[in-house]
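What follows are several structures.
The two complexes that follow have chain A in common; it is paired with chain B in the first and with chain C in the second.
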Partner chain A sequence: MLDLNFHLVLAVIVGATLILLPLIIGKFVRPRIPTPEKDAVYECGEPTIGSSYIQFDLRFYVVALLFIIFDVEVVFFFPWATIFGGATQLSDASLTSDAVRMELTDKLTNFPAGTATAETMISAETAQTMALVGFADILVFFGVLLVGFAYVWSRGDLDWVRAMVAQAKQAAPSRRATPSLVETHEAQPV
Partner chain B sequence: MTAAVMATTLSEYLQTADWAFLPLDAVWADAAAAVVHITLLAIFFGLPAFVFIWAERKVSGRIQDRLGPTRVGGKFGWLQSLADGVKLIQKEDLWPKAADAMLFRVAPYLVVVASFAAFLVLPFSSDWVALALDAGLFVALALLSLEVLGIILAGYSSGSKWSLFGGMREAAQMVSYEVPLGITAVIPVAIAGTMNLGEIGSMQSGWFINWFLLRDPFTFLAFFVFFTVTLASNKRAPFDLAEAESELVGGFHTEYSGMRWSFFFLAEYASMWFVSALAAILFLGGWWTGIGPLDAWVAETLGGFTANILGFVVLVTKASVLVVVQIWIRWTLPRLRIDQVMMTCLKYLVPISCFLFLATVLWSLFLPHVACFGLAKGMGERTAVMAAAPRAGDLSAVDAPAVDSVASFSPSGEGRR
Partner chain C sequence: MTVQQIIDGLINGDLPRAIEIFAPELILCAAIVLLLLVRMIFGVQRIPACWVALLGTLVAFTGVFAQFMYLKTDLSITGVADTPVEELAARLASAYHLTPEGVGSVGGFFTDLLMHDQFTLFFRLGLLLFVVLVIALTVLTGIPDNDDGPDFYTLLLGSTVGMMLAVGANNLLMIFLGIEMMSVPSYAMVGFLKGRRQSSEAALKYVVYGAGAAGVMLYGLSLIAGILGTLSLPELAGHFVTVMHGETFGPTNAAAVTLVLGIMMVLVGFAFKLSLVPFHFWCPDAFEGAAAEVGGFLSVASKAASFALLVRFLLAFSGPEEVLHGLRVFLGIGLAVIACLSMTLGNLAAYTQTNVKRLLAYSTIAHAGYMLMAVSALLIITDAPATEGWTRSQIFYQSARAVEGLMYYLAVYLFMNLVAFSVVAILRNETYSEEIDSYNGLVHQNPATKLLCLAMLMAMFSLVGLPPFGGFFAKLQIFTSVLYAADLHWSMWVLLAVAGANTVFSLVYYLRVLKAMFINPEPEERRAIQTPALVGTYIALIALPIFLLGASPLQSDLTDTANYVARTLFR
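Right after this comes the complex of A and B.
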């Protein structure tokens, strides 16, 4: 852990130095002649109109929400994949050597090498069951996500230009004639 | 190079050797080893930028039927990057009045530090890695995605509308392309059963049929998806919407000039090389030549150190070829529109990568012993061979205590140099 910290701290220091050093050297050789034109924001030679800190349409808001869920799920895929990978390797029935099985068992269970014995090593059938259960787990986990993804897709949230897609949908003949909520409400006798 | 140096990690060597001021205490030895690692990595961090900025100009020149740089440093203009650096260092350091000056100046640091820190976990050869983390791939991806924050910050803090749109496009692109990147990176992990990049690489030793690329048709496709996504995550054309010159002037770096501007490119080219090396390790057999007997012969007759040098040369070559392909793609394909970029990811790459992930997992589940249509060894056999055999040059592995702890930072694997 100490080792990791040393490396990370040093990487930050050295990375910052890589930038700082040329900038400091540059300080002695570069000119500093500010003019109003240089201090202005570049907009192709035109005077700027207003600040750049403006409100504009963040198209990808739903995509960003989707990303958070997707990416958090993918984060959990990694530890799952390490175990699943180990289990499928053990489920290989063509591995008949006990020594090989013991090594793979130690690796999968994360015990020091040499812990597993001929009795405690994982057999091909057990490993196959483990892998199947793991697969069922990830199917549920992944399935929930994919259903959500399909929903967002069918709702049209993945379309960048939503207005045009909506127009195109309206122009196309609807598959089932669903009256809009307002119409239904008006149509009902009060 | 004595056997003692090869047998241990640098830190362990400094704790056991007996000359001059050695041996050192554990803490000081760790610190000294870290200094050596970081120094070497810092040199290697600068090199890709130096070489590939020149290569990009040369390749783009040829593709457009020009000569590219020809003057600085002889016939091929190979010192062009140095000349660029000397020029950039003399440029006035400007930022607009409207900019958030503090954030504007912080952004390049974030980009460069994140991109540099990712190199910590990259194995350059079977024994050459600064930090052999069991969560190596995970850490690498996490640090790489930090780089994007610097780009968004640069765009936001510039006070220019071009930059703001560039930064926001980068954010949109990042939030969508991270997903297929993660899913395709999980595929090799699900095959190898480890996130340790060193082990993933070691499992692909021997003939090239052992490479994960050729394991099954789905990993073959996964490599191409991974490569496409890394293009986007490095904002390379045809996905370079964040700096689309034709519409956003310079995108997120419109207001940057001189040296500060160049840091973004230092980081971009270093990351390009990094993701290419990552792709090489995950799918293309890492530091193995692909000719099994050759690797074995070098390790046996010429020794572990030579084998490491060979591995280093092979990995650098593979990654560099991929970088050249990235450059080639940039100068061949036209830039996509932003809605096309998002659609490519969300409606094609995400479903494709989900399918490839499930297909590879099913393959592992029902055909665990089949790799490369039965030509290559099964994964279990390979893992066992890897666990049993001492690593190249690791003479002390026989005596060394078996350390494969639950805490993921195994001291036996770090920093063999």
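Right after this comes the complex of A and C.
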């Protein structure tokens, strides 16, 4: 316990010194010549336009939120992909070498190499079941994700400016209302 | 064990059984997807979202009902149906393809992440019944409107699935997942009245508070898992005894202190969901800003689910060992203090309120305090050592009685609070106000409004705990449990005294609402209020159980059922 405390204190002291030391050295060494350009806000080398505390379009939030939702859901594909990949590899019936099969089993089950024996190694049939069940799982998961995506799309949440799209739709003649189109054609000669 | 055996066990043993038990939740999930699809394909005008949601919930409700009856009537064991009830249960069971190996066998499922037993089923049943009633209410009051319907019901059903997961949680991670899954949709539901400043403010406060509580809770869970080396609830007690190495439970023991710290942090998360003092600050604001329908849903459903989860989490530390007893008594007294604070603060703060929803919010804080008394008594009683002078059967009986009291209270509370919030929602549609003053002289309006006033009277009297309403028996049961627990620990006397005094105090502010309705003169400039007859019928239907659960054979029926369920917890 004491040893651990000592290490903690040591780490804090060393960390603080390493940050503070260059700052202190800099304070004494650097020349002090302030100019208006030097005091200005740094913005990638460009002249600043104005304050960053302004109102901006609410749509940024909606799009950012949607991005995060779908991004996070796609992250769930990664652990699945590693298992699915390993299982598919093992489900290959032409893979007859026991040594390779044992090595792949260890990789899939995340044990140190050499753990699997001839009894515990995964057979082609087992790997096949695993892969199929995993595939069914991801289909359901992805299906639900797609329904959500389609819903968001059909609601118009992906249109950048919803009000303008709605106006454009109203202004354009509706495709379904064919009778009214016919009427206007007939009305034109008059 | 080879991978082959594990996979065979999962696919042929655990998975079919789990899906059979989990079917109601899956039906709800399908209903959510259907809600989205229906809107995309047919639009909201042709098929309103409320009917899809109502249908999905009803099917899920019958599913859980079939499961509950299947276990209750012992159909899984005997297989013969003699009485009409058993015949109905048998018919339902065959409709939902229930098998003795699946729903019939009690125990963990989904590799022990969730628990399937009578206790879970009772709460799943209550939750789904409540959601059916809430959806019916939203159909009648017209919040949400047709356009927002799919969004609202998606959130509502999503939150319900979370609650059903929470009541069955058998693993620390599932506890967190359940709590979060029921919280996140409710944040959005609180802010659902778009364009109302108050509503957005309420949602923001709720979200920030909820995020903080969830963080603390997750840290607590990691501490518990770290010190005990397991996430599974049934293993916690055994691992704790091992970790203690025969030392006594006390403030100088590092393992004990760390575990208590972890449990207290988890209890912060629970206290937030249950709006217990000092984690109640979001509650009045959230309820005032949210629509009354949402307020009703949050006040009952999320509380019931959290209480079920709390009981299950704390009962994980039951066992005859001296260390576990020390831990339980410590937690029991801590919860008693929180219960006292919640009751007193909730009741005192309710006095000065002029908004009915705020008043009801403080009332729910006080009621969470009353219900916490049962949990506190349960912790003191369960597995008390023989030196206290109680026989084993006595301890078993009284532990079951404490849980039974809590379940009975929640069942009655479901109807009391639903009636109160429904009346507020309906009167908001008629008078456009939620102030107590706007209720002046409502009893002189049309018959349906008179019925509303009568239903409010029953709900309020039941909330106070006056006989012959259900609230009286609910309070009586919990008070009796605390009285028995006082035999084991003196602090329960204090709890009992505070609770008794609070019950008397609470009469006054409930009566203020009733006085406005029945005694105060009607304002002259008000237009006539025409509550639709259909709404009146709905209110009468949900107000009737308050009376029936207090003064009819139904009272003993529910007590017996609750007792049967509670006893299964202590086998």
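Following the convention adopted for this analysis, the second predicted complex is superposed on the first by the 118 of 190 C-alpha atoms of A that agree within 3 Å, B and C clash if a C-alpha of one lies under 4 Å from a C-alpha of the other, contacts with A are read in each partner's own complex, and residues count from 1 in each chain.
Heads up, the rule we're going with is that a contact is a pair of C-beta atoms (placed from the backbone, for glycine too) under 8 Å apart; a residue touches a chain by one contact, two chains touch by 3 or more.
Just so it is clear, the structure is predicted and the values come from calculations on it, not from any experiment.
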Is A:V62 contacted by the first partner chain B, the second partner chain C, both or neither? neither
Return first, second, both or neither, reflecting whether A:D71 touches chain B, chain C, both chains, or no partner chain. first
Of chain B and chain C, which one contacts the greater number of residues in chain A? B
In the superposed arrangement, does A:A131 touch chain B (first), chain C (second), both or neither? first
Listed in rising order, chain B residues that touch chain A in their complex are 11, 27, 30-31, 33-35, 37-39, 41-42, 45-46, 85, 89-94, 96-99, 108-109, 112-113, 115-117, 120, 130-131, 133, 135, 137-138, 158-164, 168, 171-172, 175-176, 178-179, 182-183, 186, 189-195, 249, 254-255, 258-260, 263, 266, 338-339, 342-343, 346-347, 350, 354, 358, 361-362, 364-365, 368-369, 378-381, 383-384, 387-388, 402-407, 409, 411, 414
Where on chain A is chain C touching in the complex? 105, 109, 119-120, 122-123, 126, 129-130, 133, 144, 147-148, 150-151, 154
Of chain A, residues touching chain B in the complex: 1-4, 6-8, 10-12, 14-16, 18-19, 22-23, 25-26, 29-34, 38-44, 48, 51-54, 58-60, 63-64, 67, 70-71, 74-75, 77-78, 81-95, 97, 99-100, 103-104, 106-108, 110-114, 131-132, 135, 138, 142, 146, 149, 153, 158-161
Which residues of chain C touch chain A in the complex? 2-4, 7, 11, 33, 36-37, 39-40, 150
